[in-house]
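Chains here go by letter, A, B, C and D, matching the order in which they are written, and residues are numbered from 1 within each.
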Amino acid sequence: MGLIHNETGTQSLIGYELDVAGDDGRARCHLQLDDRHLNRQNILHGGIAATLLDNAMGATASLSVDPTGKHPFATLSLTVNYLAPGHPGQVQAIGRITGGGSSTLFLEGDLRHHDGTLIATATGVFRKSRPEAI
Amino acid sequence: MGLIHNETGTQSLIGYELDVAGDDGRARCHLQLDDRHLNRQNILHGGIAATLLDNAMGATASLSVDPTGKHPFATLSLTVNYLAPGHPGQVQAIGRITGGGSSTLFLEGDLRHHDGTLIATATGVFRKSRPEAI
Amino acid sequence: MGLIHNETGTQSLIGYELDVAGDDGRARCHLQLDDRHLNRQNILHGGIAATLLDNAMGATASLSVDPTGKHPFATLSLTVNYLAPGHPGQVQAIGRITGGGSSTLFLEGDLRHHDGTLIATATGVFRKSRPEAI
Amino acid sequence: MGLIHNETGTQSLIGYELDVAGDDGRARCHLQLDDRHLNRQNILHGGIAATLLDNAMGATASLSVDPTGKHPFATLSLTVNYLAPGHPGQVQAIGRITGGGSSTLFLEGDLRHHDGTLIATATGVFRKSRPEAI
């Protein structure tokens, strides 16, 4: 309940879990980071980090209008800052709404190792998809 | 020659080809986009778009110091703007250096469908990894 | 004709000219950069660079719907990359639309010295203000 | 003590105060926002918001190595999200270090009205200037 697996192609491919069960209105993406998610330097690929952050932030936006976290929001813009290398093990991305109105929301997110060390932060602008676009 | 496949975990997982063979100093990522790369709205996931852009831009940075495009550059910051939905079919991300010096480079990138329509643009700051970090 | 001076408080304060006369649909901000625009390192302050870019990009968005370039667009998000120091003399920021639809537009901009050397690049998301918001 | 006025051209021109006196390692920019800082819609110009954020974040970076907050850091990249209009009255920008190492720092900042309402948030990458560059 509230844990979403394999619901989209990308989620199945990369292997993360989307958790919209928290009562704080914030969605989380959990990934057991392994060799499949690394880059040439054997650290977490920046694009995988962006994927987890984008999804946690978009689902957090969705939770503001839909308790199942499934109403789609389109990402207009996403900025990721890479603070420290990500290493194999459990990592979690989490979103937070910072502002916005009825259709456009501003979010921030962070991605951390299990021990709490920050890997990356992100901010972005998301827009609620209209029914006809779903 | 100049086409790199399956060299990193992320590249194998997502299934794109990195092309550093161009004589224009610009690296390209080619992806045959299919269901595995889609989000809940059945369009290209923003994180996969970011992955292709980040890799094309980082490899373009690398080409400025290494003709094989393999010398690693770390992404410090990446901003992606999502202009239009990405649909199944062949897509290509390409990087371009806009400025910088001996260790920090600024890049832009764009991601397009085979017919040239823009899906996303990106800008980012990349830093050359030191030998001990490789 | 097409050169706008002192129309807003910020424009008067900083002293730049907004040029919407070009037949290419791109707005330009011209500034005679002097000591008043410098930071502690005696180079162009990053915030002044952002001001010129934001204004050139927003006015370019406006030109897409209003030949006078005055219909307001609100900036949702702006990312500026600082490629090289800006020095006293004439500088110009220019905008370009990269995508978008009827209300949300994506723009890029660049800021250059008179000799063409790049100082900064920017991308941003802008939204057309509704009549009641003007 | 710890309040810096008119030290740079930009600070004098725009009229904000830089406060590096806090014992929390965070620099603040205070501005009495008035007509001179508005745009065509009679709200705070996005570029002035960026100026206050950039300066508060850069000075916060400086405080990590210099208790006077004057050692210069260059902004490599700055992303500003505009959450709500800024109106005349007292506003404050404040910076916070989120990560980084000995020469490159990642910062976030926010800009608020006196009553605490958020106007804009920012993230950025800053680099410590070398002595010869000062």
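In the analysis below, a residue touches a chain if its C-beta (ideal position, glycine included) is under 8 Å from a C-beta of that chain, and two chains touch if they have at least 3 such contacts.
Because the structure is a prediction, the values reported are computed rather than measured.
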Chain pair with more C-beta contacts, C-D versus B-D: C-D
Taking each chain's C-alpha mean as its centre, the one farthest from subunit D: B
Length of the line joining the C-alpha centres of subunit C and subunit D, rounded to whole Å: 20
Centroid spacing, where centroids are CA-atom means, of subunit B and subunit C in whole angstrom: 28
Averaged-CA centre spacing for the pair subunit D and subunit B, given as whole angstrom: 32
Residues within subunit B bordering two or more other chains: 76-77, 79, 81, 123, 125
Subunit B residues touching subunit C - in the complex, by the definition given at the top: 79, 81, 83-84, 98-100, 106, 108, 118, 121, 123, 125
Touching residues on subunit B, where the partner in the complex is subunit A: 7-10, 12-14, 34-41, 45-48, 50-55, 58, 70, 72, 74-82, 129, 133-134
Partner subunit B, residues of subunit D touching it in the complex: 76-77, 79, 104, 123, 125, 127
